[in-house]
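Quick heads-up: structures coming right below.
Below, chain A partners chain B and then partners chain C, in two separate complexes.
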Partner chain A sequence: MATIELRQVEKKFGDLHAVKPMDLTVHDGEFVVLLGPSGCGKTTTLRMISGLESVTGGQILIDGRDVTWAHPSERNIAFVFQFFALYPHMTAWQNIAFPLQSQGESRAAVKQRVAEVASLLRINHLLHLRPGALSGGDKQRVALARALVRHPAAFLMDEPIGALDADARETMRAEIKRLHLLEHATTVYVTHDQVEAMAMGDRIVVMSEALVQQIGTPAEVYHKPANLFVARFIGSPGMNLVTGHYANGVVHLSENSRYLLSPEWNQALQRELGGEGKVILGFRSEAGVIVEDGPLAAEVFTSDLHGAYNMLNLSLNDDLVHIRVPRGIRYPMGATVRFNIDAEMVRFFNPRTEAAITRRVR
Partner chain B sequence: MTALEGTSRQRSITYAAPVHKVSRRARVILAIRAFLTVIVALIMLIPVFWMATTAFKSRADAVAVPPKVFFKPTLEGFVNLLAERSVLAQARRQEMQARRDELSWIQRIALDAGTEIIGVSQYVGRLRNSVIIAGGSTVLAVLLGLLSAYAFSRFNVPGSGDLLFFILSQRMLPAVVVTIPIFLMYRRLGLHDTHIGMILLYTVFNLSLSVWLLKGFIDEIPRQYEEAALVDGYTRLQAFRKVVLPNALTGIAATTVFCLIFAWNEYAFALMLTSDRARTPPPSIPAKLGRGGIEWAAIAAGSLGFLIPVVIVTFALRRYLLRGVTFGAIRQ
Partner chain C sequence: MATTQAISGGQSRRRRQLSDAALLRLFIFPTLILIILMNIFPLFYSLYLSFTDYSAITRQAPNWVGFKNYSDLLSDKQMWIYFANSGRYALLSVGLQTLVGFGLALLLNEKFKGSGFLTTLILVPMMLSPAVVGLFWKLIYHPSSGIFNYIVTFGHPTAIPDILASPKLALWGIIIVDVWMWSPFVMLLCLSGLGAIPDYIYEAAAIDRASWWRQFWRITLPQVAPLLMIAVLFRTIEAFKAFDVVMPMTAGGPGEATELIALNLYRQAFGGQWRTGRASALAYIILIIVIGISNVYIRFLNKIRGD
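Up next is the complex of A and B:
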């Protein structure tokens, strides 16, 4: 297994910046997820790592070796495509054996190795079939087997389960995770589904508009989003964001909503905004607590049943905020509720730079 | 699953369903359709049928009025076509008749027509020319076409739109317009009446067809196949051979047949640019019209024999021609 290092890697298609200079180190055995909305450059990044796309700037290192201009076949990486890309004229067995045959392995070795990965993925009974005769999930299993068979230095997966239906997706997600743990395989995994990213990644690289927005563990990107984009994009629903005015240790959100800052936050906002100014307050839906004499007030818009809990949708100023409440609690539409925010889970963003404001100075 | 797969399955259900399961109305419509198809097919096959029967008629039967539908088949036409004969004098004829039993069946047929075989006719050489020229130019056109179609399909060729149009334009002018300049050029270059000259010419003409046809087929093959092969440790050329080629077989077969048919049947260039060494049957069959009475049977035999190779190739490749382009692994 291997480490992958991107140094200021960049891709331009003519005038279009598909990936703006990015730095990323994927450690040995790590599972890194590239996450972002459609067109943000995830696939392009992956293709640059694999060598299928040439970079227009920067360096790529695999295990410290500069492979920026190496041919894909010289990088010893495996690529799993969204639409599987199984060779349609070969059987599953031939598909899986194909990468080994390029290395001139002996027949017996190929046979044995294919049998090994086939049983790892439980597809022994499908080996004689052509891809056309396989279900989506089985195609992806064969594609994974083809990737695994050669013991590559790293796996690159481009939305490998995006083309499957919901059922198969759940199964394959678990299966990929299991393979990752079994093989201790360095993996870069692309998805635009943040739930998938949170569930699978050791670390998540959030991208938007060709730019890396944040790199962090799932908990970090969830609880400490680096900017407004990440705050909105991660979680379902995304982070509640309410615009207010900061002055004298208090954030005014509306006439009867005043959020009193802790000394640390006060210091941080003071420094960031220079006395007073507009600020965006953010909190997760589970950080809101309904309390009778809470400092914040909002009007009930709707409330959704979610099985384990209810989601209360409130309107505060012009913003809609979501608060998770226990199952039994109901509120009539239009009623005013007062609530507080878990002091540990409140976040602030500078509306001008859109970046998160941090509490402690280095 | 591709759309093509879907339609072919639907169709096979319509036709393969047991008759009793099909509604009465549908059965009537099906019967009418079948009937009309047969009628059209018959009308279109009449000239072929006429040619085929004429090829087996004797000289007298071929020109009989009213035309004979029932006749005694003979290979006279074929013998006349393929063998060089001389007319026998009365004495020699009787002498030959006397030792008829020693003669081969071919010579007996010639003898019945009052002639003796003295060698192989020119026509055999012409057929060989056709095989060389049509075969050579088809192989070249498909091979070169495949490579350039792949390049146009996969790489950013600068000005590819203009280049493709230029390639297509090679076929736009009718042969009669370009034969004279080509004739003059070929004279100068010593390519007149040579196999290589004709192969080059037909290759140029067929390349436009093969590049365009094959580009369409290769465009249909997802790039991910080759990309998968590249990361699996293969070079671009190996990926082309092991992954693209097998998936382009349908297109290659179709292109081969089209190129072969063009080169095999070409008349105008062959008439102008060959005289003897590289002459092919299309311009020489009509030439038979002139020589001492019209040998209809020989002409029909020539035409029929000339059809057969193309039919055989088409038949051999029919599996690829009929099979839809199916890419099982990629859902689109």
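Up next is the complex of A and C:
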């Protein structure tokens, strides 16, 4: 297995940046997810790593070797395509055997290796079929087998389960994660689905508008988003964001909502905003706690039953705020609810720069 | 007001009378009648005539002679020479067309500046009238004034014999013309086949470390094969029917060097004694051969398609 290193890699189409200069190191055996909305440059980044797309600038290193201008075949990587990209005129067996035959393996070795991979993915019974006769999930299993069969240095996966239906997606997600663990394979995985990214990634690279927004573990991007985009994009629902006014250790959100800051936060906001100013307060839906004498007040907009819990949608100022509450408690529409925020889980953002405000001085 | 009502009423009644089914019949019947008159009837009438001694210029009714025409034809050594000519012509001409056409398609599949214009230009021969093509290639092959000998000998046209007058080269002369005229057709079908191969297959092949050669043999060729086979099938059928280009060029000569079976068929039917019965039998023999070859192709086609 291998490490992958991107140094100031960028891609331009004409004057337009598809990927702005980015740095990324994928460690040996790591599962890194490139996450972002469509058109953010994540797939272009993956294709540049694979060599299917040339770079406009920067360097790509695989295991310390500069492969920036190497042909895909010289990078010892495997690529799993969103729409499988199986060879339609070959059987599943021939598809899986193709990379081995291309590098001139002996007949016996090919046979044995294909059988191994097929049983790992439990597709032995499908090997005589052509792609046209396979279901979406099975097509992707064959595509994964074709990727695995050669023991490549790294796996690059471009939304491999994006084209599958919901059931198959759940199953394949688990299978890919299991394969990653079994093979200890360095993997770069592209998706636009943040749930998928959180579930699978060791680290997540959040991208938007050709730019890397944040690189971190799932917990980091969830709890400590670097900016407003990440805060909104990660989580379902995204982070609650309410605009308020900071002055003298207090953030005024509305007439009867005043959030009292801890000394560290007060210091941080003081430094960032210089005395007083507009600030955006953020918290996850599970960080809100309903308490009778809570410092914040909001009006019940609607309340949704989510099975295990209720999601309370409150309107505060002009913003909708989501708070997770135990099920069984009814909140009539229009009622005023008072709540507090778990002090450890509150976040602040500078509305001008959209960046997160941090507590500790570096 | 009353008149407009009457008109619109009349129109709607007429529209009601013309049901969908009637409209359908109105379109189909004229075509059907034409097909029956021009295709189906001659087909069966000539089958009947092939068992008679009928001649279209005598005023005698056809006499039933059974399989005599067929047995005469098949035991006639001359006929086998013509069949062999046609076979050689079909094999060489279709083979070369396939190679040249596929080669051109591979080149033109790479988009470059002016490739669209070039494609159109290459298609021109296919659109010309065969009789005209035959006539002007006769001029091109002319031993002293023709451009062909001049070019292939680098300016010494008399260094090689008159192509169309040479018993050895005449068949090649008409093969070259057929290849010139119909390679574009093979190219056209191959181009559409090549265009239908999605890019991602080649991306996958690049990732799978397949060499250019291997991509060609394992991906390009199998993907284009069905269309290539259709082109070959069409051209083979045409090769056995080749007449219109050859007639003005060589009329079968010199000697019998370019006497293709279809040329001889014409000669028997409309030359000398107008042996209509015998010519009909020959036409049926050619038809059976063509159907036989087509079946082999189609079976092969289905096999590579994997149904």
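Convention: the second predicted complex is superposed on the first by the 362 of 362 C-alpha atoms of A that agree within 3 Å, B and C clash if a C-alpha of one lies under 4 Å from a C-alpha of the other, contacts with A are read in each partner's own complex, and residues count from 1 in each chain.
As a convention for this text, a residue touches a chain if its C-beta (ideal position, glycine included) is under 8 Å from a C-beta of that chain, and two chains touch if they have at least 3 such contacts.
None of these values were measured; they are calculated from a predicted model.
Partners chain B and chain C, once the complexes are superposed on chain A, run into each other and clash.
By the document's definition of touching, neither partner reaches A:355: not chain B, not chain C. Looking at the shared chain after the overlay, A:52 reaches both chain B and chain C. Of the two partner chains placed by superposition, chain B and chain C are both touched by A:99. In the superposition on chain A, A:345 contacts neither chain B nor chain C.
Once chain A of one complex is fitted onto chain A of the other, the partner contacts of A:146 extend to both chain B and chain C.
By the document's definition of touching, neither partner reaches A:250: not chain B, not chain C. In the superposition on chain A, contact is made by A:89 with both chain B and chain C. Look at A:72: by the touch rule set out above, it reaches both chain B and chain C. Common to the chain B and chain C contact sets on chain A are residues 50-52, 71-73, 77-79, 81, 83, 85-89, 98-99, 102-103, 130, 146, 150.
Against chain C, in their complex, chain A makes its touches with residues 50-52, 71-73, 77-79, 81, 83, 85-90, 98-99, 102-103, 130, 146, 150. Within the complex, the chain C residues that touch chain A are 200-201, 203-211, 214, 218-219, 222-223, 306.
Contact residues of chain B toward chain A in the complex are 5, 222, 224-225, 227-235, 238, 242-243, 246-247, 326-332. Residues 50-52, 71-73, 75, 77-79, 81, 83-89, 98-99, 102-103, 130-134, 136, 139, 146, 150, 163 of chain A are the ones touching chain B in the complex.
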